[in-house]
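One chain, chain A, appears in both complexes that follow, with chain B as partner in the first and chain C in the second.
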Partner chain A sequence: MTNFLTRRGLLKTGAVTGAGLALPTIFTSGASAFTNEPTGGTVTLGFNVPQSGPYADEGADELRAFQLAVEHLNGEGDGGMMQTFSSQVLEGNGILGKKVEYVTGDTQTKSDAARASAKSMIEKDGAVMISGGSSSGVAVAVQGLCQEAGVIFMAGLTHSNDTTGKDKKANGFRHFFNAYMSGAALAPVLASQYGTDRKAYHLTADYTWGWTQEESIKAATESLGWETVNTVRTPLAATDFSSYITPILQTDADVLILNHYGGNMVNSLTNAVQFGLREKMVNGKQFEIVVPLYSRLMARGAGENVKGIFGSTNWHWSLQDAGSQAFVKSFGTKYGFPPSQAAHTCYVQTLLYADAVARAGSFNPCAVAEALEGYEFDGLGNGKTLYRADDHQCFKDVLVVKGKDNPTSEFDLLEVVEVTPVDQVTYAPDHPMFSGGALGSCNAGA
Partner chain B sequence: MLGLNKKDFTLLLIVAALVVFAPFILNPFPADSAMAQFNAGYPDLMQRFVIFGIFAIGFNILFGLTGYLSFGHAAFLGVGSYSAVWMFKLLSMNIVPAIILSVIVSGLFAMLIGYISLRRTGIYFSILTLAFAEMSFRLAYSVLTPITNGETGLQLTLDDPRILGETATATGSIPVTNFFGIEMRATEVMNVGGWSFQFNNGYYMCAIMLLLAFYLAIRIFRSPFGMMLRAVKSNQQRMNYTGLNTKPYTLAAFVISGMYAGLAGGLMASMDPLAGAERMQWTASGEVVLMTILGGAGTLIGPVLGAGFIKYFENIFSKINEQVLHSWFHALPDGIENAVVWVLEHFVGSGWHLTLGLLFMLVVTFLPGGLVEGGQRLGRLLRRKDAEKKTATQSTPAE
Partner chain C sequence: MDAIILQILNGLDKGSAYALIALGLTLIFGTLGVVNFAHGALFMIGAFCAVSLNKLLNLSFETVDPTRTDFLGNPLKVKTPYIEGWFGPDLGHAIIDWSVPLAILFSIPIMIAVGFIMERGLIKHFYRRPHADQILVTFGLAIVLQELIKHYYGANPIQTPAPDAFKGSFDFGAMMGFDPNTIIYPYWRMIYFAFAAVIIGGVFAFLQFTTFGMVVRAGMADRETVGLLGINIDKRFTIMFGLAAAVAGLAGVMYAPINSPNYHMGMDFLVLSFVVVVVGGMGSLPGAVAAGFLLGILESFASMNEIKSIIPGIDQIVIYVAAIVILLARPRGLLGRRGVMED
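Let's look at the complex of A and B:
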């Protein structure tokens, strides 16, 4: 260390580090109004979906829907829901005359990987909007990133209250329904089917979505008069739930509520049925299983086991309105099977984004956000829908579904028991389950 | 120069030049050309290159010098990230306190784990560190949710106290990480012809840290302390028989390398203020082992090269999907095109691990000294005369 600080040495290192420090400020960038302002004849959207992990099935279906939406926006295919959409500003010539291109990424159902993937879409590919996600943890993480980077995040399948609750962001928008709405829609049906004197046992996926769904369902069922015996958290990566099922047999619980989704739910339901829970009689009542958030893909994965099991869903392909039928038709023509609710929400979100850009006349995230806030629309499969300005959550009817007893095909697995009207699932923006966060102000980046 | 001999100083200068001009070097293709796919010169990836470079340099101080193979180094990276994010939540968005805390906390954590694990050597040591890291991951994932926010990952919110800074900016958003006012996310873009080069403040911050970390590593390698660590690697038993207690040396090496990991974790959080539990998973620990061996364990520059190599594959090759392949081979007749694409798609996109695995096998089989040895062989071919001259980057094969 003797000649550590010679005059020459100091000068030399000074020059090197000085050059490093000075470089970023030497050049000035061409001033653009916002992050990734599309300047050429194309605009790039980023679709960030899980292609591996427990939600990979949903991710694959989301990607199909995105590809279909891009085709329709560019004027290829039959136009799908663009014809039934209440707003008719989209002309099938891309968005604002710019051809829509897209990049895809794998979130791996991990927050870190999802953010890295979204970052590379924004920094390398110049994406002006990010959509996708099949896990609320990922959606919350990517939404935060989009807020910081100054691009719009159109959430795909994310059901946690937090996405538009305590983690809501000005640049993030959600079309999908949430856990509170599931609870509010499901509770009356459960009361009429199973009575008001029940003891519930929860198995919950251990992350933001599971936590908020458990909270919501617990609150909704306890207000019916049900008792909650126990709530147990299970890791998201778990594939075998036997060790969580056996303790249920030791309690006097007579309803099992599975706050699981995707591959988790398929495995936990299968385990529960294997252990004979559905044949069991407790307190003189038939033991029942409830899956608050249901999807066709899950029903297909669980096969026979879903028969007669109640749950809620955002959308189902058997709906008979013009929008749903148009979407099922163009999706079916392209891929040969009906779309899932995840595909539906992603398709709708892409159209809503394009429509908002067209109405605002700009890709500027702040202008787009303004166009979406408080926007009322119809014809996208859920009836009349409102994008509430206070929290960027869509309010629409919620479907209560049941596993079909006699399915006619491998896609016809769920039947709609009740369409819960929007008023019954609406809550105040400052509801305790959603409090604690703030939208902040929109960020256009750059 | 700077207490280094001429060879080492040249090496430091080369590394400095590489990181300073990385935005040019990593962006060889014009932005709208078909080859732009292979450009790696965007801020997020460049930051990852240098951050994982630091991580691997630190790991190499332990593994390359003492031969102790730790399979749990990601735990220190994770602990560093969590400490840094907590600093952003509680104190201020300045990255200096965050990085200092992350280095200190991971150093203490390394002291604890090292004290226990270093009671054993060889495979037992590896298993112990693996067990500790997996325990940390599980704790962060579920039990410690109030501190780590579980699977969602620890994030900043608008109502964090930030007692020395501002809770929210005037416009109502979360303030961004900065170095005394220099925003980490800010990027300058220089457009030259069809190329667009991105200069990101955060990247240069990481680059300076990398150079400091690299310089420190050279000093450790060349010091009597480094010599002692090498002695531990070659024959620890003999040293014990001569009456020398090696444990303080190995523990010091373990703590130093844990602090390097903490620095990397802190920097990671400074560039993107989020800390997820997956950062601590055993796969992340395995990755740094791969980086070091791939680059050349025990060499100075090897780990940095290895880190760059793996991160490049992870971020660039994984992006090549079926459609991209079809667009490359659309000139071929349909049947052949589909066949070629079918074969190749298993090696790119989500199958990039397969390509990496194959390359790793090839490197370990034919170049046991890693990429550095490959470079040396190439150099020897080019200038035969200097072949026998021992250079600073002389490799010591991994055990």
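Let's look at the complex of A and C:
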């Protein structure tokens, strides 16, 4: 036994082992301190949007916004909202002097496909940040992946409370508003328009976003005196909602709340109008329909049926502040039509990321996260906005909108009826609707 | 009681769509022996015929209105449809308003042509191949067709309204002595049901009372013998494929005002229609129609809150549960014959 363990032998073995262990650091002393650290003259961003599937049109609009943002960051075009942004550290020379390049992925609005495309952009293309998406299921899945991989995730259109609630992550940031905010902004307007003595019937898309949307608007309207008659979950794949609409006729409900998005919203609203719900009188009151989350792109599919129907939205192109006008001008000039709310949030997220890198002086995700946390800004179309450190959610004014009675064009479908001040939609970080998860600590990967 | 009547009405219009698609599927299977997974795509193309005619009629010229501005602050370009320029605003507007009924005429030649090209161009090469090959190739074709539609029309649903005269709904409740507004049913859905009944009746009459139909039925029973009698049965079967395509297309045209068409609508109906065909009995036309209505009504009942409170989630599975029960009790489906799709 002692033959094996001599002093000289031990020294030799120790030296060899030590050299072996040190080898990686000797050879990689110049290697990344974090995942995909940009080394050349360029930096790559990954835009993960639905390019196929039911939200492909929304994805296409997101992609247009990303391309515009990249142009502006690289000093091309008219600069858009970079001129109105309260932070003026971006100079139009890329990010930290590195030219911005991008790769795209197709989420297909499926969690597994979205994770696969994000993974490929991170591992094969060297993307240092992932952004985009049009569904909360996808956002939560990709956010989790980015956390593990050590890159920043700047969420696109995602409205479920869970994205910055129980599924929040230190590497993930959401600019878009959420279901709680929709409920808090919409309920007072509904109460003033339709009174406090109302009976509501909910149809809800049966997945994460639908559940939190229903919970939020239900709590908000009940606190103002409304009664909830029934909440019915409908399959996400449902196309004909007539058999869910007709039971409403048998109840004494006088408001129908459609917690539906996309094609579901178009079909359920169209069906409800076909069944004469909007002409119906119940309890001596006019029957009303509410769509808590509006998308102008999708409202087009419902045509005239959206007229006079209340909902909420994150942003609308008709806003008159300097930021919105600058964005609409550069987007409209380049593409010939006004941008959607999905396009707006994606453009803003890209600028916010670039700005955070510039202020931090580093692409390191932990430095970027620190620069974004608690950051207050203005001039990006939503007024004064705070990126709250506790949950990485943006807090800003919320728009309550109504389907326009006399649209002047195919884009002019919604009118802003109220800009709900941020204080009214702010909640405590430990609010029960957002409890359950922990932000954790940032992961720089590599 | 009123709730039950409402769900039966609901089931009838849903059943009409299932029955029309299943009828076409069975026609193709019965005549050509092909399991056509592209049949849902034909339904979708029919709906897009309505969309296309609506878009064609809405082709517009632009005039600049300097008093108003667009979203960029430029003078607003006001669009006026050519058709209103040619026929005057009133008649022009009426023609556009009636675009869906007009699309019936517009779609028939298109659908027959699509059916003909599909059969001659692709499917005929798979007659002697196993059913699995046929399913794969027609399923692939369905995906190609829907991606083509998505490329040209986008992924969002496109509003295609019924004529103003048929908007609104009929109050059955008041007529039948119930409270007013408890049983109301949209006019267009009632028209859809009547339309489906006429088409189904027409197809049956055509097969039953014409010589052509008689030959086709003979061919369905024994293709070889009919061929030996010197009748070109293949040509007739190709015509039947065109007819089946037209039936699916018409079902789609009339469905456009019920739910705004999107590129995926064919797939939404396809799987259910296959269940309908299997439950009705492979190759049986009356079986397809009966099963279409039966499953449509069952699906409607299953989405009633009273039933969902007893068995949660039943609305999503009821059709498949019914299919399992029926196939266990009657392995060939409701009206299936011995020897069809059996070795």
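The rule is simple: the second predicted complex is superposed on the first by the 415 of 446 C-alpha atoms of A that agree within 3 Å, B and C clash if a C-alpha of one lies under 4 Å from a C-alpha of the other, contacts with A are read in each partner's own complex, and residues count from 1 in each chain.
In this text, contacts are C-beta pairs under 8 Å (C-beta built on N, C-alpha and C of every residue); 3 or more make two chains touch, one makes a residue touch a chain.
Computed from a predicted structure; not experimentally measured.
Q: More residues of chain A in touch with chain C or with chain B?
A: Greater contact footprint in residues on chain A: B.
Q: Touch test for A:440: chain B only (first), chain C only (second), both, or neither?
A: A:440 sits against chain B, while chain C stays out of touch.
Q: Identify the partner contact of A:232: answer first if only chain B is touched, second if only chain C is, both if each is, neither if none is.
A: It touches chain C, and chain B stays clear.
Q: Based on the superposed arrangement, let me know which partner A:111 touches: chain B (first), chain C (second), both, or neither?
A: Only chain B is touched by A:111; chain C is not.
Q: Counting only touches as set out at the top, which of chain B and chain C does A:242 meet: first, second, both, neither?
A: After superposition on chain A, A:242 lies in contact with chain C alone.
Q: Mind working out whether A:338 is in touch with chain B, chain C, both or neither, as first, second, both or neither?
A: second
Q: If we overlay the two complexes on their shared chain A, which of chain B and chain C does A:170 touch? Say first, second, both or neither.
A: First partner only, chain B.
Q: Determine where on chain A the residues touched by chain B overlap those touched by chain C, and list them.
A: Of chain A, residues 52, 235 contact chain B in one complex and chain C in the other.
Q: Using the touch definition from the top, list the residues of chain A that touch chain C in their complex.
A: The touching residues are 52-57, 230, 232, 235, 237, 239-240, 242-244, 246-247, 249-250, 263, 266-267, 270-271, 274-276, 279-281, 297-298, 300-305, 317-318, 328-329, 332-333, 337-338, 408-409, 411-412.
Q: Hey, which residues of chain B end up touching chain A in the complex?
A: Within the complex, chain B contacts chain A at residues 1-3, 13, 16, 19-20, 39, 42-45, 48, 141-142, 150-153, 155-159, 168, 171-174, 176, 185-191, 198-201, 204, 207-208, 211, 272, 274, 276, 278-279, 315, 318-319, 321, 350.
Q: So in the complex, which bits of chain C are touching chain A?
A: Listed in rising order, the residues of chain C that touch chain A are 2-3, 6-7, 10-11, 13-14, 68, 70-72, 76, 150, 154-159, 161, 168-169, 181-186, 188-189, 258-260, 262, 264-265, 268, 299-300, 303-305, 308, 315-316.
Q: Mind pulling up the chain A residues that touch chain B in the complex?
A: 1-4, 6, 8-9, 12-13, 16-17, 19-21, 23-30, 51-52, 103-106, 110-113, 115-116, 119-120, 123-124, 136-137, 140-141, 144-145, 147-149, 162, 166-167, 170, 206-208, 233, 235-236, 436-438, 440-441, 443
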